[in-house]
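The following pair of complexes shares a single chain, chain A, combined with chain B in the former and chain C in the latter.
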Partner chain A sequence: MLRKMGLGLAATVWLAGPGSGEPVSTFRLDNGMDIVVIEDHRAPVVVQMVWYRIGSADEPPGRSGIAHFLEHLMFKATDDMAAGAFSDAVSAQGGKDNAFTSFDYTAYHQRVAADRLDLLMRMEADRMRDLVLTEEDVTTERQVILEERNQRTDSSPGALLNEQVAAAQYLNHPYGVPVIGWRHEMAALSRQDALEFYRANYAPNNAVLVVAGDVDPAAVLALAEKYYGPVAPSDLIRPRIRPQEPPQLAERRLVMSDARVSEPYMMRSYLASERNPGDQRTAAALVLLAEVLGGSPTTAVLPRALQFDAQVAVFSQAFYNPTTVDPDTFNFAVLPQPGVSLTEAEAALDTVLARFLDTGIDPADFARIKTRIRADEVYGRDNVQSLAQDYGAALAVGLSVADVQAWPDLLQAVAADEVMAAARKVLNRNNAVTAWLTAPEGVLP
Partner chain B sequence: MMGRFVFFLLALAGPLWALPLRAEIAIQTVTSPGGITAWLVESHDIPFTALEIRFRGGTSLDAPGKRGAVNLMTALIEEGAGDLDAQGFAAARDDLAASFRFSPGDDEVSVSARFLTENREPALALLRQALVVPRFDADAVERVRGQVLTGLRGDEKDASTLAARLMSARSFGDHPYGSSGDGTIASVTALTRDDIVAAHRGALARDQITVAAAGDITAAELGAVLDEVLGGLPATGAPQPGRAAYQALGGLVVQDFPGPQSVVRFSQKGMRFEDPDYFAAVLLNEILGGGRFGARLMTEVREKRGLTYGVGTGLASYDHAEVLVGQFESANDKVAEAIAVVRAEWATIAANGVSEAELSGAKTFLTGSYALRFDGNAAIATILVGMQSIGLTPDYPATRNARVEAVTMADIQRVAAELFTPDELFFVVVGQPEGVIATE
Partner chain C sequence: MLRKMGLGLAATVWLAGPGSGEPVSTFRLDNGMDIVVIEDHRAPVVVQMVWYRIGSADEPPGRSGIAHFLEHLMFKATDDMAAGAFSDAVSAQGGKDNAFTSFDYTAYHQRVAADRLDLLMRMEADRMRDLVLTEEDVTTERQVILEERNQRTDSSPGALLNEQVAAAQYLNHPYGVPVIGWRHEMAALSRQDALEFYRANYAPNNAVLVVAGDVDPAAVLALAEKYYGPVAPSDLIRPRIRPQEPPQLAERRLVMSDARVSEPYMMRSYLASERNPGDQRTAAALVLLAEVLGGSPTTAVLPRALQFDAQVAVFSQAFYNPTTVDPDTFNFAVLPQPGVSLTEAEAALDTVLARFLDTGIDPADFARIKTRIRADEVYGRDNVQSLAQDYGAALAVGLSVADVQAWPDLLQAVAADEVMAAARKVLNRNNAVTAWLTAPEGVLP
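Here is the complex of A and B:
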């Protein structure tokens, strides 16, 4: 198969996630900051990640992109450090630092030699409450995020389609607004907007510290108490209660055309439930459903039916990200063969799904998928940074360490009939958005 | 998910400079009875092994008129082998929870395998089948050819790919480096099964092999399986191409493409790894265009002026050519200013070199990041096979940082004046740039 191809739509989801294989310690500071320490003594390296339980879905109306803009501005000055000094200090240790923003969280991370953790904590604690922004910083960096939007979104018809699909999927919930923001709102974001969002949301009682690598948990706790311990908690932190979706009463469809499209394709998203604390079984069933339908480009149900048994598609995928605060989407994408219309491709997808709901899961397929997920847990232990990522993301969306550690066993325990029950519930076109992306001359079905 | 910056130049620019290794990693050399040598780092903490195999040559071994044959062949390796068709092969691999990746490059075909200790023997037997007796069934050829053609049509609508292709063509002309190893729509459409069989025979041969492993396997165990997996391949493959003359000597070309931004790629001649000044060049590249904050281009183009989301340069060392290449994206109405800033920085570093603070900062970064790359079996195996591919010996890690430290300020200033050639910096701009003057 061709590895570098595909629609580029699937989020990378590490199926199994962390398990019992890695030693994990957890603490909570008096100011409410949660701490997870993952030990891996194979190399003298440490990763620090600080996750804030705040993302683009928590932005005030009309200020889309402010969570991500603030993430950029967090590399400017504090009362103790000049702009850029954070990254310079990490580089001077041979380390690397970066940050990312999603719908549900914002995270800052560094990777350095294990004996330099002290410095990282001092600097990360400093910028948790003491950011200093000038108008000039804000004006220049706003140009940078507009260029980022140009590069990631406005230059890519597929990314623009994803935005339109999400906007159609969510009538009321902020997952319908792009993480990077709508351009017209990004262009108006101010220093005041950034500082208000910062002061309201960046505090130890809204943060998770994950330290992974060649470290001793007691020593990590002592350092965390020294640097993060004195940071005062905020009394402004509120539970994340966001506007929820009303019942969907009608299928939603859209067609987008763009001169930069070389191959038309169709995608469909269905609203689907997510992992919840102590209640992850349905989400585990949906993860398995995505694997059964589209996990392997060769043997999964969709590619086998659309690419092998019949020559309908060049690529077909199913994907689902279970680790979110509010209901997310379960998705399909089909890129038809030349000469096959989007109407035919969509009909073929629906035929395959209807047959699947009728006949159920091949037991050999199901066993093979579980074998692979179990092995992923072993392979996953090779990369301590992805372990840190998994714990951080889960805790940032409100799951507990116990939920994280129960997840691999849950994936093994879910039975085929539970997967089918989840499939029957989710795969309802009245809960879905169907989108076609075409070149201008290819709009006709 | 939005990151603060992404820097993807390295993925486009071929293998970069040699990766360092921390001294305490114990590299063993293993030679099989059949004469295949592998490097190994044993680590029995996690019950799996990462195995990396490289076949030197890659898509540059395409026969005349058969551009894209090695690429298509590589994509077909796991689409059926021995008595298994594509479905059967994928099921057998997944039943063993093994993972195999076969990827074509300008200089090599790469094979990355991961397998659990409990399934080592059957997983390696399956890998052997894929490498030695792939089937290239007619239906698989047509299915994967369709995927390749889909990708090639997509490339024609992707500004970044267009910029890379145009730069390759202008840099290397008729040498294989001058065109995409994926081939063209016409060349891939015309490939026959015989062409694919010939590409397999030419590109996967024993005289092209480099092997490294890391993880839960001993030297004796590894030595015993090398012949089993690779011994059935032909002794000699297709001849390697000759040296590629670098031809993009100054100028600027524009290719029209719709969108809010222009993609800018810029290039000049680079430096061979074997050159005694190589580490001075590495330090200079880090100071000018290292993909991190504090590097000159990132500071001037992004941090001070907000003209781009990210900019960087890399010293790309291919087997048969060296280039110093950079890339950024900028809004169409700002790209002229961004290009002017890059040109000015190029002239400044050539004329004035760098400061003591910049040199010591770059040395600290390069030597300090020394230990940070080796965090896992997969990373270690990949680095070891890369070191072998460029002819290093297992003691290289112990000497590498000393070579960085040994670069003096006098070396740096001399190499800056020699390496950077502002008049020969060549630009490719794909987009609808305003106020950018093309030279042709």
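Here is the complex of A and C:
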């Protein structure tokens, strides 16, 4: 999964999380593999996810895209299975499987009838260390990822702008490099690059197994010991210490002009802290801030002010993803009404933000948002895949099960003045990138 | 030597180079060490420079400053010499020694009486592989480089702006990281980091020895074989393939505000191609372009238009350094007169550039500049240190002696229409960063 950001793609607003309601069991195998079992007996299905604590931000310099490329190549042959056999086997059971890559993790997931978990584990354990890649696999699949980049990025001015903004946002940290990779580097990725990345990073002591659904934890553990237990750990796993940001001393501004743009918009990203183990309160405040400012298309502060009161925008949003290893961004986007310039749209955004910092949060709004977050959380518990996703992502970025379970109550506990303090801290223009996407007639500000 | 850029430091405009006039001999030792001997018998002195083909752009991610830190540590003890003994020995001979680090190379140089070259070679060969570092050396010298950063960078708003501009200029390439290093990374550099960088990169097959002065080439070779010949080559030397830039799709703009700024100015950098082996003509055209636009403080296009005609600036310049491994930048800076805003200064710059692209180069100007470049070149041949510098830098970035010797005639051969073609290509705002340095009352454009 490529990180979603900005207009044209759904925002990854983190709305709600798993509570302490669901029965969750955790184990660790002798080879270092972490296991989370989430019981949900309402339907006879099971989801298996294996999360590797490795993502695009861990790639060697100049090899951007290798994490995502390897994700594709993981569906090729192993010593025991032919290329494509994994997905065929899942499909033959009426199941589904897929995978995704982010800055911080790469995950493989399947959903089948609950009594076929052994098949999933056998196959996933097999490809954890025994992938076999031919030059032809690499050549063919490299065309696939280049075509994926064509479709997702190069054909979309908004996606291209997101890349340029991220590169300007990060002066030093690898979050400035796109998950899918820079095209010229993707085109040069080799079989050796893929195998080196695989051998160094795919191992039980770098993985989190999440099993959710109609299962018994003891039975899951027994199966995991049978299939994953014999997989040798790697001694190449290192702490994920990436280059961190120096002080950012000046806002960066970009204007990207593209003939394909029919609706100009402006966006702004601010460097923002993330959830940290045992220290999630600031991130919770920022989640609430994003909700207050832009979480609802009708009642949040930005849409109300920009779309309904001033009528300068047709769309506005705030979004923030707290579940990352290193500081991510807090983001705004404003799509102006026809006839309203980007200068006016940006000024209107800044006016609303200044007024918000001055007047604070409406208590009724705040109570309503917390109620909605709680409701979303309860609703989210009904979706076993979404629960597995929440636990897996959190554990893959270094959070604990306790952090995951504390999170919903933390969202309820954060006070309005904490949200305002977080807002004052994060809305620092020196840490910001402001970008305009225009058609070619647009001029520089 | 830290890369010089912008106001407050002398610009590294490459004015003229060594011609084919001086007697130059080249050799290669069996262990891969390249040797260049430049004879100049007018004074009984000799300059030795050892250039390592390793610089800050070759540092591991997160270890910025290690190349420069190691340069400092190279003056500590070896197995045969006490800390400081190298410089003491040179000084005792009435000589001078120093070192510098750039993006692309690290060089050590001394100047002594011609009959003491053997001493220099013995000591330089000794520290090529036999450096001994204590934890105390590292702790002490780390304070020195942090203090150097304080003085050169952190105490200078212009130097800080240069760092922010470079980080915004490069979306992917390590030229976006400062040579001296980001402070937070410098503070964490360890003895192990230094030794790993040293052992991997300091070896005869990664070095160029330049000896210039009152010497006989055969005698220099004999000495080099005696002292450097026994030094084992390293099998860790790799081609310098660094992450390259993706397409830059939008100009980046920065406004940095600092209370220490008394004279606001604006600068703009454009990504620009560099000298390449056998292919230096575009770089030569860009050198001429920098000369035409901003090479002279009185007669060049920018000062004439901005300082004397429009009287909007007190200072303006264009500068470009062509001797790099990867694309560097073509730069402008304009310091407005009191009462002239940065908006007006920037608009005046753009007006002059647009007019220049329209009207082209004045033929008399062009002839005068070529004459001056030729005169500078002839003058430069009188300075043995400067000749050694020119050969050493060129060879350290991968150029050949033939490229060095072809360069002066190439500068004369480039036609005005080639300069204009290079100007049209390089002045692409999508590849540019425009930055304003202001006092805190300054507002965003």
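Just so it is clear, the second predicted complex is superposed on the first by the 432 of 445 C-alpha atoms of A that agree within 3 Å, B and C clash if a C-alpha of one lies under 4 Å from a C-alpha of the other, contacts with A are read in each partner's own complex, and residues count from 1 in each chain.
The working rule: contacts are C-beta pairs under 8 Å (C-beta built on N, C-alpha and C of every residue); 3 or more make two chains touch, one makes a residue touch a chain.
Remember, it's a predicted structure, so these values are computed and weren't measured experimentally.
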Worksheet item: Clash or fit: what happens to chain B and chain C when chain A is overlaid?
Response: fit
Worksheet item: After lining up the shared chain so the two structures overlap, which partner does A:142 touch, if you call chain B first and chain C second: first, second, both or neither?
Response: first
Response to the item:
Across chain A, the partner (chain B or chain C) reaching more residues is B
Worksheet item: Regarding the shared-chain residue A:160, is it in contact with chain B (first), chain C (second), both, or neither?
Response: second
Item to complete: State whether A:236 touches chain B only (first), chain C only (second), both chains, or neither.
Response: neither
Worksheet item: Looking at the overlay, does A:298 come into contact with chain B only (first), chain C only (second), both, or neither?
Response: first
Discussion item. Per the contact definition in the header, classify A:150: touching chain B only (first), chain C only (second), both, or neither.
Written reply: first
Discussion item. Once both structures sit on chain A, report the angle chain B, chain A, chain C from C-alpha centres, rounded to the nearest 10 degrees.
Written reply: 130
Practice prompt. Name the contact category of A:421: first (chain B only), second (chain C only), both, or neither.
Written response: neither
Practice prompt. Could you tell me how near the closest CA atoms of chain B and chain C get once both structures are overlaid on the shared chain, in Å?
Written response: 15
Worksheet item: Within the complex, which stretch of chain C touches chain A?
Response: 61-62, 64, 160-161, 163-164, 167-168, 171-172, 174, 176-177, 182-185, 241-244, 246, 248-258, 429, 435, 444-445
Fill in: Touch list for chain B against partner chain A, complex
1-5, 22, 43, 45-48, 50, 75, 78-79, 86-87, 89-91, 94-95, 97, 99, 101-103, 114, 116, 143-144, 146-148, 150-151, 153-154, 156-157, 159, 258-261, 292-294, 302-309, 329-331, 361, 364-372, 374-378
Item to complete: State the interface residues of chain A toward chain B in the complex, per the touch definition above.
Response: 1-5, 11, 21, 40, 42-45, 68, 71-72, 75, 84, 87-88, 91-96, 98-102, 111-113, 139-148, 150-152, 154-155, 179-180, 213, 259-263, 296, 298-299, 304, 307-308, 311, 314-315, 335, 337-338, 364, 368-369, 371-372, 374-375, 378-379, 381-385
